[in-house]
Structure formats: C-alpha cells, structure tokens
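Two complexes come next, and they have one chain in common, subunit A, joined by subunit B in the first and subunit C in the second.
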Partner chain A sequence: MSLPWKLRETFSPEEIQFMVENEPIKIFPRFTTKPSVRGAARGGSAPSAQPRWKLLTANDTPLNNLVAIQTTQVALWIALLLKQQGKCSIVAPEWLRLAQLQKHIDYELKNTERFSDLPWNWLVVAQLLFSKAADDLHDPVHLLRGKVQDLREIRLGKIGQGLKHLNESHLQLDNLSLLEINELRPFVLGVMNKLKQVHGSVSEDQPDE
Partner chain B sequence: MNIDIDDILADLDRDTTAVDSSLITQGHNDTTVLGSDGIPLNKQRVVPAAISPVSDFQTLMRFWRNERMSPELLPYPHLLMERTLRRIQDQLEHIECVSMGYLEEQSGSAENTSESVGSTALLNKLPLLCMEADLERLKFVVRSLLRCRLAKIDKYSLYLRQFDSEHGVVPISELLSRQELEYHERHSAMLLKLLNNSILRHMPPEAQAVDDNDGSVKMVDEPEWDRFVFVYVNGPDTKQGVDPRLQVNELGQQFYPVSIQELHEEAELALGGIYVMRYNVVRELVLDDMVQLI
Partner chain C sequence: MSYYDIDDILADASKFPCRFNYDIPGLGYLEGNAGKEIRKNAKVELPLWLARILAIVGGDAGLNDEDALPFVELMQPEMFSPKVLNAIKSGPVTLDVHSINSHFYALAIKWATLFNDRDLIEVLNYMLLERCQEINNHASSVQLENVGRGGSQGTFMLTLDEFEKVLYKDSHESCKDTKKWVIRK
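Let's look at the complex of A and B:
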C-alpha cells in the first residue's frame, strides 16, 4: 500500500526526531543579520538586495534580527544546521545539567509509582545535542551521558513494572516521553487490544459478570 | 493591603502585543516579494490573528499525527491544505528567484575585494540553505500525510463506498479531497474488475458480491472503533473556562469525564495527562482538538 507496513501503526524514530526538531531552542549566533539602521538609510537598494530569511514552518523574524552573541530562540533544526556550519553555539536547556539530572534521578528513585516531569522530548534532545553540539554543553559530555543513561534505565525499569497493569479499559502514563511511548506502542496496544477482545467475548457469554 | 492588579497588567500586556504583532506582520509583508502570503483576503479579515504560516504548520503537524495514529479516516482539512499547497508553490518560486539573484551578486562581489569572499558567500547562502531545508520539511509532512490517507482509503474502500447512502453524517466530499475521491473511485473500480474477471464470475450468483455483510464473516472492513490509542490531553486553546465539558475534580485538576460504555466505567482525562484509551471514547475530543493522539 501507499504507506509502508512498518509505519502503519506507529512512528519511526526518525519521525519522532523530526517532530522534536520543530521545538524551539536558544542559541548564541556568531553572525549578524539584523539590518543596521545606518546602512539602510545610506543605500536604499542594499537592504532589499540582502537575502532575507523567509520560512514556512518556523518563525523567521528572529532569524532576520540575529545579533552576534545575543541569545535568540529558533527551531532546533535551524540551530543544528547553523551549528554544523559553525555559525552559532547552542544553549543547552535547563534540565541538561548534571545537578538537574541528578535531581530527576533522585525523584525517580524516591517515587517508584510515577515518572519525573522531564520534557516530552528529553531523550531525543539529549541524543541530538550530545552528538552534534557536544562542545556547547556546560558539563563534560561523558558525565551527562552517564546520567541520561541512568535516568533511562530507571524509567525502563518502571515501565517494565507498569506492564503488569495492562488491562482492557485504560492506562495512565503521565510524563512518559514520546520516544518511550513510541517504543512501547506496538506491544502495549497489541496486548490491550487482545485483552479487550477476550473481555468482550467473556462478557457476551455471561452478561452479569 | 494587597491589591490584585494582575488583570490590569494583563490588559496593558495585551495592548503592547497587539502593536508588536501588527508591526511584525507589516515587516513580514515587506519581505514577501511575491505577495505570497497565500491567504485570501476575506479569510484574513475574519480571523486576523489565527492564520499564519507557522500556526498553519503546527496545525498540520497535529493533524498529521492524529491521522497517523487514528484507526479511522479523519475529515480532510480542505482550507488548511489549500493554503499549505499554495505556500509551497510560492516558496518554490521565491527560492528560484533568490538563487537566480545569487549568480548576479557573485559576479558583482568579485569586483569589490574588500571582504574575504569565502565567508560572505557562506553567509549569503545560509538563508537559501535554510529555506530549502524548510521547504523539504514541509513537503515531507504533506507527503507523509497524504500517503497515510491513501493507505486508509485502500483499506476502507468498501466501507467508504457505502458511506454516502447509509451514514448521512459526513458527506464523502467533506471526508476526502477531490483527488482522493478520484483515487478511491478508480482504484476500487480496478480492484473490482480484477476480482470479477479472475474469480467472482465463476462463483454462484448469490456469492458474487464483494460487500456481503450477511454471511458468516463481514466483508466490509470497518474502522476498528474501539482500538486503543495513546492520547495527550492538551485542553482547549486559550481560555479554559469556555469548554462546558471540562470539570474540576477534588484535587483541583481540570479533567474531561469520559465513559467507557462496554465496561460501564467512568474515567477522568486530566489536562496534561497521557492515557491509553479506546478510540471511540475520545473520538469527539480528538475531532474538537481537545486531546491529541501521540
């Protein structure tokens, strides 16, 4: 059919990354695009000849007003593209610090029943920044990697625990990130759909069950 | 004595943002060389703030994700797609124009050798690079969305064929775009012809129908209405008091009460929560954009 079988029921990891790349992030640009008032007044034709940013999917006004070393917010995919060219450095989000991650780990260990409120894209953002912008992070990358891995494993353990509670009515999974949901999806939905069918056939036989 | 001035401050805030946004849109209009906003004027007047390329893209992303995860075929967003396709076309032309301009500029910049040519050339190319990447991203979403819809049309073609007559709720022209409608009709005609010629004509006449629902097994594939989906409850867009379905529980959380009919169960969908739910339970909320499939 027109959609590959693999993508029928779920998203591919690349598509998850695509969604995450549309989120805003802060950068330090290393060049200036803001048209100077002086230049515009002097030569009328110069600013109009200047190539301007005109985007469809992302807000383009900050890109037209970049000033070097002044933070701005742009979409993550633009930040990565600029970073690749060496035209900006990316400001790591608040939660991607050793202290913050440690807090999350402590919270996870203390509350065995729930997940800590990491942003919904934490795994993907961490992975992207580690691989593409490792030199912009405040703390050494290998330590951050370790913490992220710890968090990941703690949460995986909890998810494994939670799978005991699969049922035929519903499930609540607050603060689970999109990537974690996506890898769970085929299994959880498959099992719950089967349970629902079994339940349906049972209650048909004995209506007052 | 504490005087609560939050509402006064909010009023002031709103004022300044109104001025800002008008300035921004004005500036934006200056930069669009081809007049390529892609918005018919009358629509712009009706909803002045809501329609912009960025917000349209966000709506498109949401729709794409819903379509990918929902078991049924969602109604086609006619206006949104029209605007998006127009913008893609305009942006294509814009990029073409800009890249033509580069050729001239480079011959010009070779003369004034004051700056290092390499770095400025890269700086000049950056917007073009970004615009191309941006366009590719938008096109990817559109492509993926349409392919997903075509796959569903294939799957439910018999169901869609009986749609017009029995279920008068949504007319089929609302559900499908013009091209999808054509695809649906011609594809099912071809499939029918193949089946008829190869097998069905050798069958006894009472067994020749392809959409026989009275036999032991239903032949018309309906969407699996009670399939489980992951939902994120995002709530209404702006003011939360507006939605009458929203209620407050004992913890002070706002939630949507839903009932699962097969089990005679009530459940609460709290704002900001992630749930695994049956699709028919949350269908109304999905269509009203109160929850999102993830």
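Let's look at the complex of A and C:
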C-alpha cells in the first residue's frame, strides 16, 4: 500500500516530535524585530524594507514584534530554529527543574496506582531541550537527565503492572504521555483485539453445549 | 480474520478429524482411494475450510429438518483435548504452543465459535493474558548493541504461535524505534 506498514496504525517517534514541536514555548530573543516608531516616522519606507515573518501555520505577530531580552511565546519549532542560530535562548518550562521533577518522582513512588500529572509531551520536550538547548536550563543537564530517566523507568514499571489487567473492553491511562502511549500502542491494541475476538466467539444467548 | 488474510487461509488449512454420517459415492479421494465411495463412519482428516461447511449442511435437510444429520461430525482434535487444556492451565508461559499448532489462537477461536465452547474461551483468555506479559517483557528489552541486527532471544521465542509472533514483532519494532529516537537525541 502507499503507506508503509509501520506507519499504518501508529505514529513514528519522529511524527510525535513533529506534533510536539507545534506547541508554544517561551523564549528570550537576542535581537529586535519590532519596528521603531521613530524610525518609521522619519524614514517612511523603513518598515517595508525590513523583511517580515509571514507564516500560515503559526501566529507571526509575536515574531514581528520581538524585543531583545523580553520574553515572548513562539512555536517550539521556531524557537529551536532561532536557538540553532544563536538568536534566542529558550525558557525551560516550570516542570523541567530538579525540584519539580523530584516532586513528580516522589508522587510516582508514593502512588503506585496512578501516574503523576506531567504534561502530555514531557518526554519529547525534555529530550529536545537537553540536546538542543542544554545551556539554557536552570540546573545542570546531567542531573536533569538523571531525573527524567528515573521518572521514565518508574512509569515504565507501572505500565508493566497495568498490562496485567488488560481486558477486552477498556483501559484507563490517565496522565500517560503521548510518546509512552505510542510505544505501547501496537502491543495493547494487538492483545485487546485478540481478547475481543476470543470473547466474541461465544454468544451469550446460546446455551452451552 | 478477513477473506484475503494469509494467516487466516493457512489456519483454515489445518486438518481436523471427522467422521462421515453417510455413504457417499465418488468421494473416496478424501480417504486416498479415488473413484471409490466413502463409507459411513469412515474417519477422515479434513481441512477446516471443508470440515466446517460439511459439519453444518446435511443430507436430507429439506425433508425433515429435525433429524437432518450433517454430512460429517467433527471429532475433538488433539490440540483441544483435556491433556492440552490442563497443560495450558498449569503453565501457559512454559508451554510450547508452536509445537501444538502454529495457528493455535485462530483455530481455538474458530472452534469455540462452532461449538460455543465457554471452557475453551476461559482457558484461552487466561493463556493469552499470561503469555502476553512475557511477550511484552521480551519485546521491550532492547539491547543496544543488538539494535539493527536482532540478537538471539532464547527459547521462549521458539514457542510462539503465529499471532504471537506478529504481536511480538510489532511491539518490538515500536520499542526499538522509541529507544532509537531517545538515544539519537
């Protein structure tokens, strides 16, 4: 078929990254694009001479009004592009700090029955920022990496426990992130579909033979 | 389980023991002696795609529906005998399903559909849940040096039935891709 079999029923991790890159994030720009009122009044043709951002899929007003060292929100993919050129620094989200991550780890360890409420894209955002914006994080990146890895392993262990309760009708996965769900998807769907077939093969109204 | 599903076609080709309820001329080739008739009470191994139909339609069904005996009677195959079911109940993970029948799940579902067999369904449910834990363990343990060339997985992998192999392959690929993405960063 036109779509490769691997992508037919699920997303690849790169597609998950693509989705996450569409989320907004805060940056400190290191350059100014906001046209100065004085320059425009005096020069007359100055605003039109400067190239402007014209975007179809993202909001371009913040980008045309960047002021150096003033935080603003842009899509993550733009932030990463600017960061690559050294034109901004990325403000790490609240939860990506040692203290916050430790709180999540404590919660995970205390409540063995549920997952802590990390954002749906935590793993992807963490990996992206660690690799592309390591110098912008508040805490040393190797410590953060360790905490994220701890969280991932605790949650993987819980997932393993949860898989013992697979059934043919439903499954509740509160606070499980997109990448974690995506990793599980082929397995859980395969097993649950088979269980459904197994249960569907006997009809309730017919008597036993 | 669709019409064009190769695994379903292969599963349907497995032989099941049947007993004929009629003398039928010309059908001797099912027993191996072509041109002769097939005798009543002859035991023949028929592929499921044939046996399933012959076990439903009968001889004089039009005349008196009540007594209409189907052409053949399906007898319980070895793979669903109490011996095998007890083996499943005692230890689904150590059981060599592949040697019992490589399409065990598919055939068990078809069998349970034909006979409305609740006991078989219960055993199957238990077996699937227990074995899928083990499959998940094997699928998610991706050794980094083996990514790409697929290292040996030990004896459990040799006992998988065809459905379980597909399940293992899919979930293994998924875990592998995720891990690759994480360490590439």
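By definition in this document, the second predicted complex is superposed on the first by the 202 of 209 C-alpha atoms of A that agree within 3 Å, B and C clash if a C-alpha of one lies under 4 Å from a C-alpha of the other, contacts with A are read in each partner's own complex, and residues count from 1 in each chain.
Just so it is clear, a residue touches a chain if its C-beta (ideal position, glycine included) is under 8 Å from a C-beta of that chain, and two chains touch if they have at least 3 such contacts.
Worth saying up front: this structure is predicted, and the values here are computed from it rather than measured.
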Worksheet item: When the two structures are superposed on subunit A, do subunit B and subunit C clash or fit side by side?
Response: fit
Discussion item. Just to be sure I read the superposition right, which of the two partners does A:82 touch: subunit B = first, subunit C = second, or both, or neither?
Written reply: first
Discussion item. Output check: A:142 vs subunit B and subunit C. Expected answer is one of first, second, both, neither. What do you get?
Written reply: neither
Worksheet item: Given the touch rule stated above, what does A:56 touch, subunit B (first), subunit C (second), both, or neither?
Response: first
Discussion item. Quick check on the superposed pair: does A:110 touch subunit B, subunit C, both, or neither? Answer first, second, both or neither.
Written reply: neither
Item to complete: Specify the partner with more touching residues on subunit A, choosing between subunit B and subunit C.
Response: B
Fill in: Inter-chain angle, subunit B to subunit C through the CA centre of subunit A, in degrees rounded to a multiple of 10
70
Item to complete: Mind working out whether A:186 is in touch with subunit B, subunit C, both or neither, as first, second, both or neither?
Response: second
Worksheet entry | Superposed arrangement (fit on chain A Cα atoms) - minimum subunit B/subunit C Cα distance in Å | 5
Item to complete: Under the contact definition given at the top, report the residues of subunit A touching subunit B in one complex and subunit C in the other.
Response: 185, 199, 203
Fill in: In the complex, subunit B residues that touch subunit A
24, 27-28, 31-32, 53-54, 57, 61, 65, 68, 87-88, 91, 94, 98, 101-102, 105, 122-124, 126-131, 133-135, 137-138, 140, 144, 147-148, 150-151, 154-155, 226-230, 260, 262-263, 265, 267, 272-278, 281, 294
Practice prompt. Going by the contact rule at the top, pick out the subunit A residues touching subunit B in the complex.
Written response: 1-3, 7-8, 11, 15, 18-19, 22, 31, 49, 51-61, 63-64, 77-78, 81-82, 85, 87, 168-176, 178, 181, 185, 188-189, 192-193, 196, 199-200, 203
Practice prompt. Could you please specify the touching residues of subunit A with respect to subunit C in the complex?
Written response: 6, 10, 12-14, 17, 123, 127-128, 130-131, 156, 160, 163-164, 166, 179, 182-187, 190-191, 194-195, 197-199, 201-203, 206-209
Item to complete: Write out the stretch or stretches of subunit C touching subunit A in their complex.
Response: 1, 105, 108-110, 112-113, 115-118, 121, 124-125, 128-129, 132-133, 135-137, 139-140, 163, 166-167, 170-171, 173-175, 177-178, 180-182, 185
